[in-house]
Amino acid sequence: MTDQPQQIGLTRDAMAQRVALDIRDGAYVNLGIGIPELVAKYVPEGREVIYHTENGLLGMGPSPEPGHGDPELINAGKRQVTANPGAAFFHHADSFAMIRGGHLDLCVLGALQVAANGDLANWSTGGPDAIPAVGGAMDLVAGVKTIYVITQHCTKKGDPKLVGACGYPLTGLGVVDRVYTDLAVIDITDRGFQLVELSPGVSFDYVQERTGAPLIAVGGAPVIGSTEP
Amino acid sequence: MINKQVASVAEAVADVFDGATVMVGGFGEAGSPIELLHALIDQGATDLTVVNNNTGSGEVGLAALIKAGRVAKMICSYPRTTNSTVFPELYRSGRIELELVPQGTLAERIRAGGAGIPAFYTQTAVGTPLEEGHERRTFDGCDYLLAHGLTADFAIIKGRTADQHGNVVYNKTARNFAPLMAMAATTTIVQASAVVSLGKLDPEVIVTPGIFVDRVIAVVDPEHESALVAAGVSYR
Amino acid sequence: MTDQPQQIGLTRDAMAQRVALDIRDGAYVNLGIGIPELVAKYVPEGREVIYHTENGLLGMGPSPEPGHGDPELINAGKRQVTANPGAAFFHHADSFAMIRGGHLDLCVLGALQVAANGDLANWSTGGPDAIPAVGGAMDLVAGVKTIYVITQHCTKKGDPKLVGACGYPLTGLGVVDRVYTDLAVIDITDRGFQLVELSPGVSFDYVQERTGAPLIAVGGAPVIGSTEP
Amino acid sequence: MINKQVASVAEAVADVFDGATVMVGGFGEAGSPIELLHALIDQGATDLTVVNNNTGSGEVGLAALIKAGRVAKMICSYPRTTNSTVFPELYRSGRIELELVPQGTLAERIRAGGAGIPAFYTQTAVGTPLEEGHERRTFDGCDYLLAHGLTADFAIIKGRTADQHGNVVYNKTARNFAPLMAMAATTTIVQASAVVSLGKLDPEVIVTPGIFVDRVIAVVDPEHESALVAAGVSYR
């Protein structure tokens, strides 16, 4: 794990690395645009994960070598990618049949806000001048079996992103299973946010102060990186 | 690492349970997974609900499964075909249930089940006896019936070539319902004439991506139903 | 046209030949099982017709040479066929999307009964001991733009198959556009059955006597084969 | 005999009329039919409703059509992308209408339109602002929204290879919405890098059967949107 003693909390790469530990061998996974894309780099040796991109590819590989890309082989973020051996191309209705039909095991998404009941807001700040754009986010959270969110614990202004109720327009109701932040790993349970792990050097109280709803501690939450899941 | 290939047809169908809903690929004999069906007879699961366009012919494959008394209910569009005697006998004597569904509605219901669509509207069967039990609704001045998505515990289907990830391509009109059933079943089992190494199948031509497939078994030289029937074979 | 002076009315092949004259160049056509299958043989030179079979083939060709068939290349009647250059295979949902979505120009079907309002009964006699079997008939009549029926004018017992109202279970409501029988070509119009052509040696009254609803004559209906449509 | 090949992109789009609904293939630049879009600008049809996942980028292709003031309404899932400035400006100033549809619902609505399904239910968007205007209904204890099939007067799409019957195969992720739009439009127009003679395309690998295609135009070396944008090209 990347060591960043100069700051409190995990780097984006360290957060992605922590998420990657929880992806099982053989899983079919969709990674959202942004920090989620980093997760693919950190899947542990010996695990084979098949990546789905909703624009019509299963078995997505990493970015192409410079000069070897095809502008018509891209991911959902419109960046050039490659196709691994065993890949398959298909049209959008088939691609979202995979999503809506519950065939994907996991989706990792970014968030603007996550509520204690699992509600997710990640598509619009609802501002009067914003151009509304939803893409496949609502389909993914409605259809994929397990939804992980990877996000900074707070906004740049310092406001909590884990909240009692989302103020931003919702992407889906009660859809998030687990949240990975720079400060902690937190499950969404019937009773609300439940601490799973703390980042190195971060205390329960530190996380609770930066969380907009009660945080449940169960036993002593281990430090991220101190155990091998 | 991912390898969905199993060692035998027996292993492939080992966990089919009594009372399961099983989708069986094929239209007539084209795409009928004879070897998997015979393995299912050997395996013994009973009280099955089977989804297939037809009910098999002669006394092999699906017809043999029905004759063995393992099928409580058929969901199909056309239960009588040439050389189909097993189902009609059981049906007339009240020993097997039938849900008759127009062929296109059956196909779309299976696709919907696989695509997470609980229900859709179709013009097919409006005003006919098969409208019974279906909600009717008007859109833009035309009448349609509500049809529900159909899912299954297992699908057993036949492909031409597969790989270890479960990607499948088919042979000609043997494709028919198989790609839809692969989507709609919790566990999809594919027999293929060849199982090739990863990367041998062109990603542009794969019909069923491996995400829909759980097990692959190589049946290199599969039997054809019509040849077995012509030869007078009766399985069990 | 086959000449059969010994009998009144057209043979099955002559009926099929008459239907074929009405199929335009470039049409996408589905032919039902039985007499409709004969139509393909008689499409006039210079017209290219693409045949759809609902079990997943567009561009269906004739039966294979003996010993050259594939038991997995069959038509909806489960008989071995061939694939013409330009053919395409597809799954059942795509096949019925073509049908239900109105992409086929024409379907030619057999019938038990056709009513004067275009209702069709062709899938069940409703007998208590009958095994109900519908196949794709209801989908075809609901989805295909134009429905032609090809049938003997009367049953073997001599009962009219063109009736005021169908007694047998319906396949579809008001779906039939035109009926080709051994005795006549008859359109379904807002006012009911309307005579288009008579078979050689058959009079209007002869057809009306064998039709279970009023037959409308418009001008002098030509004799089948006397004009080149 | 059937030959759907036309002589020019201008001929291909000649009959697009004012007020038409036009589905445009592509996800980002992958599959964007740049040459047909530019022909449509030249042709002059206006007051169009355009269906596409995005709104184009730079000032070429779809973005150029929008910039030229020809599009009254966009139906899409993600109208802002990198290098997308044309649509946002018009939208903020109230000069273009937007119907925002979740991507999977958009894809399925187009497929439904092509498959003769007037409406279906989907779990997507339940409880969100995009639920507005959609009937909600419960099946098996879960809530779903009613979504309507979407059709168009024209579809303009980009394939890799086509034949005279209109059979089409695609290039990688350029496939995306094109096969669905081909089904849903009254008139489907395909530009393909190669138009081959009948029988050259393997019937097993055709993605869009010719029944869904009306016109084919060879555009041997199509432009790529990103290259045009990087070069600072502005069409018109």
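Labels A, B, C and D are assigned to the chains in the order they are written; within every chain, residues are numbered from 1.
Operating definition for what follows: a contact is a pair of C-beta atoms (placed from the backbone, for glycine too) under 8 Å apart; a residue touches a chain by one contact, two chains touch by 3 or more.
What you see is a predicted model; the values in this text were computed from it and never measured.
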{"item": "Joint neighbours of subunit D and subunit A, given as chain labels", "value": "B"}
{"item": "Steps needed, at minimum, to go from subunit A to subunit C via contacts", "value": "2"}
{"item": "Contact-richer chain pair [B-C vs C-D]", "value": "B-C"}
{"item": "For subunit B paired with subunit C, centre-to-centre distance based on mean C-alpha positions, whole Å", "value": "30"}
{"item": "For subunit B paired with subunit D, centre-to-centre distance based on mean C-alpha positions, whole Å", "value": "34"}
{"item": "Numbers and ranges of subunit C residues touching at least 2 other chains", "value": "57, 83, 89-90, 93, 96, 99-100, 143"}
{"item": "Touching two or more other chains - residues of subunit B", "value": "108, 111, 115-117, 122-123, 170, 172, 203-204"}
{"item": "Touching pairs among all chains present in the structure", "value": "A-B, A-D, B-C, B-D, C-D"}
{"item": "In the complex with subunit C, residue positions of subunit D that touch it", "value": "1-2, 111, 113-117, 163-165, 167, 183, 198-199, 201, 203-204, 206, 209-212"}
{"item": "Sites on subunit C touched by subunit B in the complex", "value": "53-57, 70-74, 78, 83, 89-93, 95-96, 99-100, 124, 129, 131-139, 142-143, 169-173"}
{"item": "Residue ranges of subunit D in contact with subunit B within the complex", "value": "108, 112, 115-123, 139-140, 142, 144, 148, 169-170, 172, 202-205"}
{"item": "Complex interface listing, subunit C residues touching subunit D", "value": "25-26, 28, 46, 48, 50, 52, 57-59, 83, 85-90, 93-94, 96-104, 143"}
{"item": "For the subunit D and subunit A complex, residues of the former touching the latter", "value": "27-31, 77-82, 87-88, 91-92, 98, 100, 102-105, 107-108, 110-111, 122-130, 170-180, 207, 224-227"}
